[in-house]
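Mind looking over this structure? Questions follow.
For reference, chains read A, B and C in written order, and residue numbers begin at 1 within each chain.
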Amino acid sequence: MVAVAQARPRSRWRDLLEERRLLAAVLIGPAVLFILALVGGPLLLSIYLSLTDATGGTLRGHWVGLDNFTNAWADPNFRRALRNTILFTVVSQAVVLVCAGLIAHALTRPVRGRWILRFLILLPWAAPVPLSTIAWKWIYDSLFSVVNWTLVHDIFPGGHALYLYKVVNWLPFPFGDIQPFNPPQWLGDQTLALAAVISVHAWRIIPFAVVIFLAGLASIPTEVEDAAKIDGAVGFRKFWYVTLPLQLPIATVAVLFGVVFTATDMTVVYILTGGGPFNSSQMLTTWAYQTGINSGNLGEGAAVSLYLLPLLLVVAVLMLRFARKVEVS
Amino acid sequence: MIERREKLMSYLVLGPFAIVLAFPFYWMLWTSFKSDIDLYNVNDVPFKFGKGSPTLRNYAFLFHHTQYLTWVKNTVVVGAIVVLITLVLALPAGYALARLAGRWGQNLGVGIFLTYLVPPTLLFLPMSWVIAHIGLQDRLLSLIIVFPSFTVPFSTWLLMGFFKTIPAELEDAALVDGASRLRTLLYVIFPISVPGILTVVIFSFSLVLNDFVYALAFITTSNAKTISTGVSTVLIRGDVFFWQGLMAATLLPTIPLALLYNMFLNRFIAGFTGGAFR
Amino acid sequence: MSDDRPRVDITAAQDEVTRRELLRRAAAGAIVLVYGGFGVKSAVAGAPQFRGRELKGTLRILQWSHFVPVYDTWFDNQYTKRWGQANDTEIIVDHVNQADLPGRVAAEAAAGKGHDMVALLAPAPQYEDRVIDHKEIVQEVRRKRGKMADVCVRSAYNPKTKKWHGFPDSYAPDPINYRIDLWKQVGARPTSWDRVLKAAPKLRAMNHPVGIGMSNEIDSNMALMALMMCFGSFIQNSKARVTLNSKATREALKFGRDLFRKGESNEIFAWTAASNNQGMLAGRLSLALNAISIPRSAENTNADLARNIGLLPIPAGPHGRLGLEHVMHTYMIWKFASNKKMAVKFLAELELKYRGAFEASKFYNFPSFPASVRNVPVRLARDPHTPKGKYDVLKTISEKYTKNVGYPGYSNAAIGEIFDTFLIPQMFAEVAQGKRSPDDAARAYQRRINSIFAKWRRRGKI
């Protein structure tokens, strides 16, 4: 009886282990197979294309080895696209981080009208990106820009006039002064175009990041909140010494998502500036599209696109490691 | 005292941000009611109605002379089915990766997420070949099949993280009580994971809404288009942009969607943090 | 002890059952989804079937959304339906926004499946290997209607491979659109580039600058390339040798810089294809080089303004008066099309009796075979808008002052790439903004264009 009793626990564990593995495989299997088929297959074909001189029309070409990759690197437009991709991503996500952090922190307090304010803040994320970008194209139009209108016209109803462009000129920014009769060309000046693209990216991702931060703030256990209150840490001190460190893992996740959304996005630049003026606002994705589709050099386009992958991989892996490390501590 | 000051700070932060973020929509609203004469006028005041405005012509055009409602329907249908497929694939996978797969589960989960990094611009040409050869060109089913390729990696990783926050004790307690794994899944895990599911639903749906490249490459038949491709076909004609109609077309889906997101926001937030102890 | 065994067994057994259950349910769901999707007769299943008589064949066409919506209504709902009935073929016409067409066309080419024929707004020689030789259509129409306009021949024929890589059914002439009242105030008419340059500062002082764009969009491309030709500057010669770096090019660049500095505002570097339209419609611009979409839009929205918009041929330069087509609407029939025979027949017959299309497009579409529309001057004169006879000049422009992109050579793949990547506007913009001297620009861009030509020569297309 004792011998039998001792044999049973071992078999139970083995069963359980077998079960877990098989069950895990069955549950994970479909997703993995699906991804392999739909992402893996086309990805392999794209890699093949990048090693050929395929041109518009055929998915086949002559083998050219790594020529497309080296040629791309020699092209100043490509280097600018690479630089812009990093620039857009870093700057817009920095803006998002700061703004979303502030907004989320302010939203945790139950003030009146919070629901409406939250609704307004969510709007940019709810709008389909292709359509809202078309709207931004009109907002930044060379002649009818409402931004310029707001800057240049008296926006204070009644008596005293308030001209925003005078306020901006008064502030010590290193850019030139705004002239009322030659207002800024948001999509035509090379620097301003970059700013315009960054603003649209940041605008649409801020609500998304706010939500993620709210989640993070909500997850702070009440014991910590109480402890902070007892210690007298409120307002900014609380923010800096309590909230911020605890927010770090979730902030990393938010930034990671934002980075991926921005770096892999083609729609905003394609619709807003088309890569212009004169390829000064190209990103890797749009430059790849221009080279591959508009110019018909499929192989080169694929190569340009593929440069994006290792970049993102490294960033993603680093951020995930960081998030995990911070979480544990 | 401190309470009131903190409330004031909240308003001081939220107010300006809400204005800046929502400002384009406010202006879109005005523009959508303007006539051409009013709009194409350098002296036009964006926030006042000039000659010929306000007019409902732009909205009427959208509803009566284009297939806008069909496109909205298509987008919603595609979104709903893709969300369903995503849940069917990602829920079990996320759970398994969190609970059943141990060390290599974590790495596999990350690996799955990394496939999300491959941009659609890289894949859409080979995908077009595949779609055409299984006979789905110009059909919504092509989108239904392809969209999960970016919603599933994202959602699997998300759910994996979510399930990790649900303490294992809950399941073990159920198992000890004699429930099978499936039973545990259905009656214990599932109810708690509703916030996680909501998260996936909202994220996947917004990912679907934001697609442009695949919809453009796969579908040209007017009544199978989604909102983005349909609107840009009909309201952008060569070098003539029908701005007012474009604004109207953007506002109409955005406002209800934002209301919906707002309504579910509380439950949705819990989706990130597990909510097991809330 | 005796409690353990039953529990473990039951759990294991139940798991077996539930796993099988799960798999079976999943498979059933998948089958339902796939077959349901295929069978559902709705938007999921594709275009609606033609109501009425079942037609034998199908012909699928892809083209842009014409800026004159009435044209699309005529083409989709009248012409193709009638022709389809007469030829026992169901014709399905799909539209895509003009800017997005290249993406979809590339996808179809890559997929090897799609429509029977697609139409782009410029010839696409990069797809030469994927499309049929369209010479059958050209010969058929030539037999009955005489010669094809030279501008179209040079756009769609590749003399190296001796292949017609497209069939242009129409093109749009590119007149000067100018404000009659404003130019009267400065006492001039924009008949030569010199006059334009002289009047420009006065017009700009009145807050009505000149509108020759220098941005990466089609209008800038056309205007600047035409400007170059008027100065005797050409990208290639008739033998496809690059001839960009010439004195004439430097003169043209200098002119562009002067025109910008004296008579334009710096919005021109930010323009989209719609900007010069919108600028004129707002009453701001005094001159633009554009197809007739500007006066036609004005007629719809602002009759007073429309009355004051006049049309003239491109201003003359030192080398003469040379303009470009604004749009070369070119159909391509894929090699993998399923109904090539009907496609050929359709295009031939469309061109043979082009009157309907000419009228429906409000004179935007000029036939590639001039004899396909009879009494063009009479038709143009019949237009009711004032000043009377304003559209008459289109006939002269189409006959005498419209050349192809790449004139005096052919519109080959290299020219196509230069066009698609907006190198010419970029060159002009750099000089106008003082970033490069004309000499430097001409030299630098000659180098770039040389390498593009070399690439396509290597591929045997030039």
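Quick note on the criterion: a residue touches a chain if its C-beta (ideal position, glycine included) is under 8 Å from a C-beta of that chain, and two chains touch if they have at least 3 such contacts.
A quick note: this is a predicted structure, and the numbers were derived from the prediction, not measured.
Farthest chain from chain A, judged by C-alpha centroids: C. Here A-B and B-C were compared by C-beta pairs in contact; the pair with more is A-B. If each chain is reduced to the centroid of its CA atoms, chain B and chain C end up 34 Å from each other. Distance between chain A and chain B, defined via averaged C-alpha coordinates, is recorded as 15 Å. Contacts with at least two other chains are made by residues 15, 19, 22, 26, 103, 106, 110, 272, 278, 282, 284 of chain C.
Counting partner chains per residue, chain B has residues 40, 42, 88, 125-126, 129, 181, 213, 232, 236, 241 touching two or more of them.
Counting partner chains per residue, chain A has residues 19, 23, 26, 30, 59, 143-144, 289, 292, 298 touching two or more of them.
Of all the residues in chain C, the ones that touch chain A in their complex are 1, 4-5, 8, 12, 15, 19, 22-23, 26, 102-103, 106, 109-110, 124, 126-130, 215-217, 265-272, 275, 278-279, 282, 284, 413, 416-417, 420-422, 425-426, 429-430, 459. Within the complex, the chain B residues that touch chain C are 35-37, 40-42, 70, 73-74, 77, 81, 85, 88, 124-126, 128-129, 131-133, 137-141, 144, 175, 178, 180-183, 213, 216-218, 220-224, 229, 232-234, 236-241. Put simply, chain B touches chain A in their complex at residues 2, 5-7, 9-11, 13-15, 17-19, 21-22, 24-25, 27-28, 31, 39-40, 42, 44-46, 88-90, 92-93, 95-97, 100-101, 105, 108, 110, 112-123, 125-127, 129-130, 145-146, 148-149, 152-153, 156, 181, 206, 209-210, 212-213, 227-228, 231-232, 236, 241, 243, 246-247, 249-250, 253-255, 257-259, 261-262, 265, 268-274, 277-278.
Contacts from chain A toward chain B in the complex involve residues 19-21, 23-24, 26-28, 30-32, 34-35, 38-43, 45-46, 49, 59, 99, 102-103, 105-107, 109, 111, 114-115, 117-132, 134-136, 138-139, 143-144, 146, 149-150, 153, 203, 206-207, 211-212, 214-216, 218-219, 221, 234-235, 250, 260, 264, 266-267, 285, 288-289, 292, 298, 302, 305-306, 308-309, 312-313, 316-317, 320. Of all residues in chain A, only 5, 8, 12, 15, 19, 22-23, 26, 30, 53, 55-59, 137, 141-144, 182, 185-189, 193, 274-279, 289-290, 292-296, 298 touch chain C in the complex they form.
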